[in-house]
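One structure, pasted below without further comment.
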Amino acid sequence: MKVSDEVAIQITKMNKWYGTFHVLRDIDLTVYRGERIVIAGPSGSGKSTMIRCINRLEEHQAGSIVVDGIELSSDLKNIDKIRSEVGMCFQHFNLFPHLTILENCTLAPIWVRKIPKKQAEETAMHFLEKVKIPEQANKYPGQLSGGQQQRVAIARSLCMKPRIMLFDEPTSALDPEMIKEVLDTMVELAEEGMTMLCVTHEMGFARQVANRVIFMDAGQIVEQNEPEEFFNNPQHERTKLFLSQILGH
Amino acid sequence: MKVSDEVAIQITKMNKWYGTFHVLRDIDLTVYRGERIVIAGPSGSGKSTMIRCINRLEEHQAGSIVVDGIELSSDLKNIDKIRSEVGMCFQHFNLFPHLTILENCTLAPIWVRKIPKKQAEETAMHFLEKVKIPEQANKYPGQLSGGQQQRVAIARSLCMKPRIMLFDEPTSALDPEMIKEVLDTMVELAEEGMTMLCVTHEMGFARQVANRVIFMDAGQIVEQNEPEEFFNNPQHERTKLFLSQILGH
Amino acid sequence: ATLDDVKARGELKCGVSTGLAGFSAPDANNVWQGFDVAYCRALAAAVLGDPMKVAFTQTTGQTRFTALASGEIDVLARNTTWTFSRDVDLKFEFIGVNYYDGQGFIAPKSLGVASAKELDGATVCIQTGTTTELNLADFFRANNISYEPVPIETNAEAQQQYLAGACDVYTTDASGLAATRATFENPSDHVILPEIISKEPLGPLVRHGDNEWGDIARWTLNALIAAEEYGVTSANIAELSSAPTNNPEINRLLGTEGELGAMLGLDAEWAKRAIMAGGNYGEIFEKNIGEATPIGLSRGLNAQWTEGGLLYSPPFR
Amino acid sequence: MATISDPPERGFRLSQLIFDTRYRSMTIQVVAMVLIGLLLSWLISNTIHNLEALGKDFNFGFLSQPAGYDINQQLIDYNNQMTHGRAALVGILNTLLVAVLGCALATVLGVIAGVLRLSNNWVVSRLTAVYVEGFRNVPLLLWIVLIFALMTESMPAPRDFRGEDGSSMLLGESVAITNRGVYIPNVVFSRSLGGNDVAAPEPEAPAAAAATTNMAGTYGASRIATGGAGVQTGQSGTSAAAGGEAGDGAAEGGEVIPTSSGWDWLLILAVLIAGGVGAKLLGTRAAHIQESTGKRPMTLPLQIAAVLVPLIVVLVGLGASLDKPHLGGFNFDGGVHLRNSLIALWLALSLYTGAFIAEIVRGGILAISKGQTEAAYALGLRPGTTMNLVILPQALRVIIPPLISQFLNLTKNSSLAIAVGYMDVRSTLGGITINQTGRELEGMLLLGLFYLVLSLLISGVMNLYNSSVKLKER
Amino acid sequence: MSDTHAQTVAYVRDTMLDQQDPPLNQVGAVKWIRENLFSGWLNILLTLLSLWVVYAALSHLLPWALRGIWDASNLSECRALAAERYGADASVACWAVLAERWPQLIFGFFPKELYWRPILAFLLFLAAVAPVLFSSVPRKMLWVTALAPFALFWLIWGGSIWGPIAAILGFVIGWAIMTYAAPKIGALLAVILAIIVPVLYWLFVCGPLAGALASVVPLSLQTVATQKMGGFLLATIIGVSGIVLSLPLGILLALGRQSDMFIINKFSVAFIEIIRGVPLIVWLFTASLLLNYFLPPGTNFDLMLRVIIMVTLFSAAYIAEVVRGGLAALPKGQYEAADALGLDYWKSMRLIILPQALKISIPGIVNTFIGLFKDTTLVVFIGLLDPIGLSSSIRASTDWNGVYWELFVFIGLCFFIFCFSMGRYSLFLEKKLRREHR
């Protein structure tokens, strides 16, 4: 696993408010291509908001976000470009229930990338095999288990061949026995060198694959470090408190 | 723990179909008074169906079931008699959400056994103490945790003073930390000599209290034995496979 | 029998229309007023001795006959045209005519029509559920001219349509036209065309089969008419009935001579009470729809036969 | 299952009827059956007795007797010499007409209002809320009456169009909005397929014209009723004036008068359908191209052309021209007359039902979780594409079943036509006919059957739809 | 384990940042207006259009309504006053008609000196529905609810108090049979008896008993005939009795529709579909024109009662569908648990299933009631004087002939206030249920 010098995401002094509530405060973050970053922090600390800003599901009000050299502004073209470079997986999968698994995976390639259907389907089958559910291709999301659905969601993002993947608590809506199958998929992805930002509470996963763990609290990045250091030797008071809680149970 | 010679349940050549699907095939089973039987088997093997036949939540189509000397036929009076002899606990507790815990427990004694309300409440409190939640008597089911709810469900069955208790996966809808409290209640019950049939995957429980473990597959009783023997020395191929899966994880 | 029912109930059930100016409408004190209402009150006075003992049931053009046939009402006094089929086929008994009417047209003066025959292509508002629409169809067919019917459920609605100019002419019974015109802001801007295209004898009716009740209803109406003919009014009736007069007809009518009341199954003073309830026919007419009222109808056909009209009560004998 | 081990035959005991589950439900059903039967026969025997007492019988002969009354709006030929049955049919068609028009407009209004109510424009969403709540919470009858009154009070009468300073017609003197309704131009053809023989004043002509009109429902639609001569009262010749003015024109001489007949409209309909199919084919072709190359060719202009070009060709071929309404004796003549009663009923039904539909649409869109939009955006889909491919297909499943039951309500509510004198089936069959013939029982029975069949048909369609779009679940 | 790059800077924040105010364009009225009214061309257009619509409507309505005349005794006087005050062709409302006739619009022809009775009845009605609608009201109030129908009947129609009391006795008999006889003769027989005996009692014993009691202790209110009811009183009576009476029937139909007994199921389905498939107005005409055909010769009860019967049947079909939804929403486990405890069908329905299903159904029932209440206006077509019918009667009097909008505005407003608040209530309830179900 190697990390290049190339910058994938550059966030500078980014601030965001919901109404008068200051959710993100002076976020500075540089992500290098190939890096795998795990973001942790107590509930409400702004983790989701931060990664949702990266593909403009939320608008930031101050500072800048540059993804792959493209600055995120209200320019629609830039937004489109960035969104097709950045894949995202949600806590609740958000598969389209009226489309089959295969159609879920080919929808965006066909309509956004304008890829012929046949070719899109081949790509889709390739990624479905990768997440180990090619045989479900013609079923509907409602017919799959939660773990399978989340793997489809990952495959769906991958079909757009994104250079960066964002994960927002991909395993927290799953039953324990399903968590593993999703994490396995993600580990595999990490091993292939995909740039990943992942909000998660799975500390085992963090130890195993992350280059860097970022700890957020109250809308700020409080501490970041390599996983080993981070877990064994947290610096900040809040990090210590958080780790004691999360590892305790 | 002693098992008498008296027969509590006698099932002979019982068969059941759902439409054209043959769910239970030639079930033969004799349960003695005081016996504690654990039923295991893969999903869909007909475990639930079998014990639901015993108190006629499902109708069997061939063979006979005799409970406490009363033959289960389509005669309503017999059905009523058997149901008030046989208590049942479900996977999803099925407490009545519009009644308090105490009302849940006194409902059947008052309306079926025609016991004066006062007396029914005393009995109910007695059993609620037994399952260690007397202080919740005036709450509603929605205000309790899953484990507490399942214990109430057990107490509710006990209030009818049944001679036989059926459990259908009583712990499988519970969070891990709550499983124990329910199992403890059941162990206690077993120690008092209640005749129990329990569908469960908790093999620890089986080892601890069962007189006999029954393994079902594809609607048939494939193997039955004492727990020690069953776990250490399974005879049948399917049993071995099943045990390897269930103990493996 | 109906008479016994009414007596036992202590109340007469009378069907009237849901509201037609001058004929039946409730006032602000919940008391029904009008020409048809007055007949019901007279009947109640004759039978029960109290003109206020009437329960009025409102009926529409569609529900009135069922209400009567089912016994929901004892008598229907709702400007209903006496026709063959209603009398024979629908099995009712018309007990007389309390208003001789005919269907006419009203049109704005500005339209410049002088006769209904000039109405080729005109839009005509009609009230549905009456004989009106059949008469209208017959009239235009007979004259071989075309028209556009606009059916309207109630008189009030029709009036509003007509005034707004949504139809060129409005047709209904002439009495209704007059009544309607009376309430316009400028009545003189509208003319009632000379053609009366149908005969509309309006009268109260009862069910077939109870002739005693029919007799009471019929002779109560006749008593009101006869009273006017003989000059018996609510002003002089007390005096006339205190002692036999030298007009035997009046004596028989007012019960000071003969047994007419007993023959009807009532007491001797039945007619006296009926007349006292609202006056004789002429008084009722003047009070409710006469020229002094906003309705402003002249007697016309409804004058006594002695004055060139059609009102003619059979003798009380 | 040969070895059914029933309890050894103890013989049948009476108590089994109540206590044995096998017989118990049978017993209950038999008892219920008997009770229902008793009730029904009681009702029927009462009816027979009552009919006897009234000296009435039960037969439908009245349907073939002459009706004697006129109906202002007819989609098929009718005059007062025709039968009650025919009058009922005219009423049925009128009911269907206002129902179809109402459903269409209500859907449009409802969808617009539903979407606007979700708008983040505060004024707009408040205003639609006022519309929705206002119409939902006031009885429909009141709205019908109010709208009817509003139209008669606020629009000019035809006579106001006379003179210099009078009201003027819209759209190049072709549309007149009056308090008797709206007059719009009618399309007539100088080379009509079936109409020319109408000009011949032979006695057979009316029959031929009537035959053509009966065969073509489309023709009727163009004739919501022709202006001026709404009701032809002549017994013979005048009813031949199928095209409104044609009868008068025929008197003027032998030249060919522009007119329209059912065949013309059938042809136009056929061309329209063909055009629609063509457009659809173009769409499919585009989809194929997209599948193989990934690029979707522009098809909209082509599709529009596919519909329009043949239509124009046919119209020119038939020699189409507009028959504009113009002031006649008392009214406007010519053109198509949309009567106030129809418009008021139509508007009121649509506005009222539209308010309910707006709520359904809003609910349907809200039911699709925000996550779906976000997921689509995150995949790079544009808002428009997201709407078409992700939100709408899902929202429609939620929307359509209640939508159809609103259509059903609208159809049933159209019976309130009575309030504005619109001659629907309730006013003809269930109103004047019953009133003239005294056949309440038969008339109401037929009326009820008509509505029942209609609503069963509609709900049948709904069930089909429901089962076809049901989401697959585990 | 990972060959971490040197660029990965370890970082620890030393000072925590404080909450800051957002940039100016993110808050306040400016932002609100920009986002809500003028974000984009389409929005600007829509805003202007809406404002114009509002202006156009109000500029016509407000002067008309606000300058209305309140003091006149008939229409011509009203017009004269308007001309005098605001000039010859001022168009203003003539509210005087309401000032004179509003009691009639609300109470119909109910005797003026007895207005306290419908008012008291209405208050009693509110007290009776409170425990059903609001779960915070003490359960004891349910007794008021159970007794209210009889008291309401007595208050509105008057007559001897013994009639309603004798009628209540019928229910008591039924209840007694259910509780005391059921153990001895079995549930099914008890149910049958508990229906038949009270019915026989009502048919044959109730009347004479009430008569006898009345002659011993004459306690009665002045009777008011149904013809005297009108206006909103009539609408409310029909609406409320329709819903209340249809509830038991609707529940039975819903149970019938859920039943797997073929005949009962099909009968319920047929009944529901037939009733719902035909417009209410047709049923009302049936009530007024045909119902007499179906009853034994000579029976004849007044139109309002017939309308109430029809409306009851009609709303029963709708309630059945609402209740069916409630039944279907209950998990199967509830039925099974009741069975497993040995409760029989009727007991499990009464104690377990219906209490829960009905609670879920209340919003639907309220909505049905709103619909029904609005539909009561249709009785005008069969000659009952509901508010709309009364408005035509009022216009038929010579004083007010020609008055139009004022009456309709008043009636519409009354309906709106009533239905709107009911609608809000049912929304509130739905939200609450949704919260509780999670």
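We just call them A, B, C, D and E in the order they show up, numbering each chain from 1.
By definition in this document, contacts are C-beta pairs under 8 Å (C-beta built on N, C-alpha and C of every residue); 3 or more make two chains touch, one makes a residue touch a chain.
Chain identities (UniProt): A, B = Amino acid ABC transporter ATP-binding protein; D = ABC transporter permease subunit; E = Amino acid ABC transporter permease.
None of these values were measured; they are calculated from a predicted model.
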Length of the shortest touching-chain route, chain B through to chain E: 1
Reaching chain B from chain A through chains that touch each other, fewest steps: 2
Chain whose mean Cα position lies farthest from chain E: A
Furthest chain, CA centroid comparison against chain D: B
Chain whose Cα centroid lies nearest the overall Cα centroid: E
Distance from chain C to chain B - Cα centre to Cα centre, in angstrom: 84
Distance between the centres, which are taken as Cα means, of chain E and chain C, whole angstrom: 40
Separation of mean Cα positions, chain D and chain A [Å, integer]: 53
Averaged-CA centre spacing for the pair chain C and chain A, given as whole angstrom: 88
Set of chain C residues in contact with two or more other chains: 62, 66, 69, 153, 157, 160
Chain E, residues touching no fewer than two other chains: 285, 289, 292, 381, 404
Interface hub residues of chain A, defined as touching at least two other chains: none
Chain pairs that touch, as defined at the top of this document: A-D, A-E, B-D, B-E, C-D, C-E, D-E
Complex interface listing, chain D residues touching chain A: 290-296, 369, 371-372, 374-382, 385, 389-390, 393-394, 397, 471-474
Sites on chain E touched by chain C in the complex: 76, 79, 100-101, 104, 108-112, 225, 227-228, 285, 288-289, 292, 298, 300, 302-303, 381-385, 389, 392-398, 401-402, 404
In the complex with chain A, residue positions of chain E that touch it: 1-5, 7-13, 16-17, 19-23, 26-27
Touching residues on chain D, where the partner in the complex is chain C: 54-55, 68-72, 80, 145, 149, 152-153, 157-160, 179-180, 228-235, 238, 328-331, 333, 339-341, 418-419, 421, 423, 427, 431-432, 434-436, 438, 440
Contact set on chain B toward chain D in their complex: 12-13, 15, 17, 61-64, 71, 73-77, 79
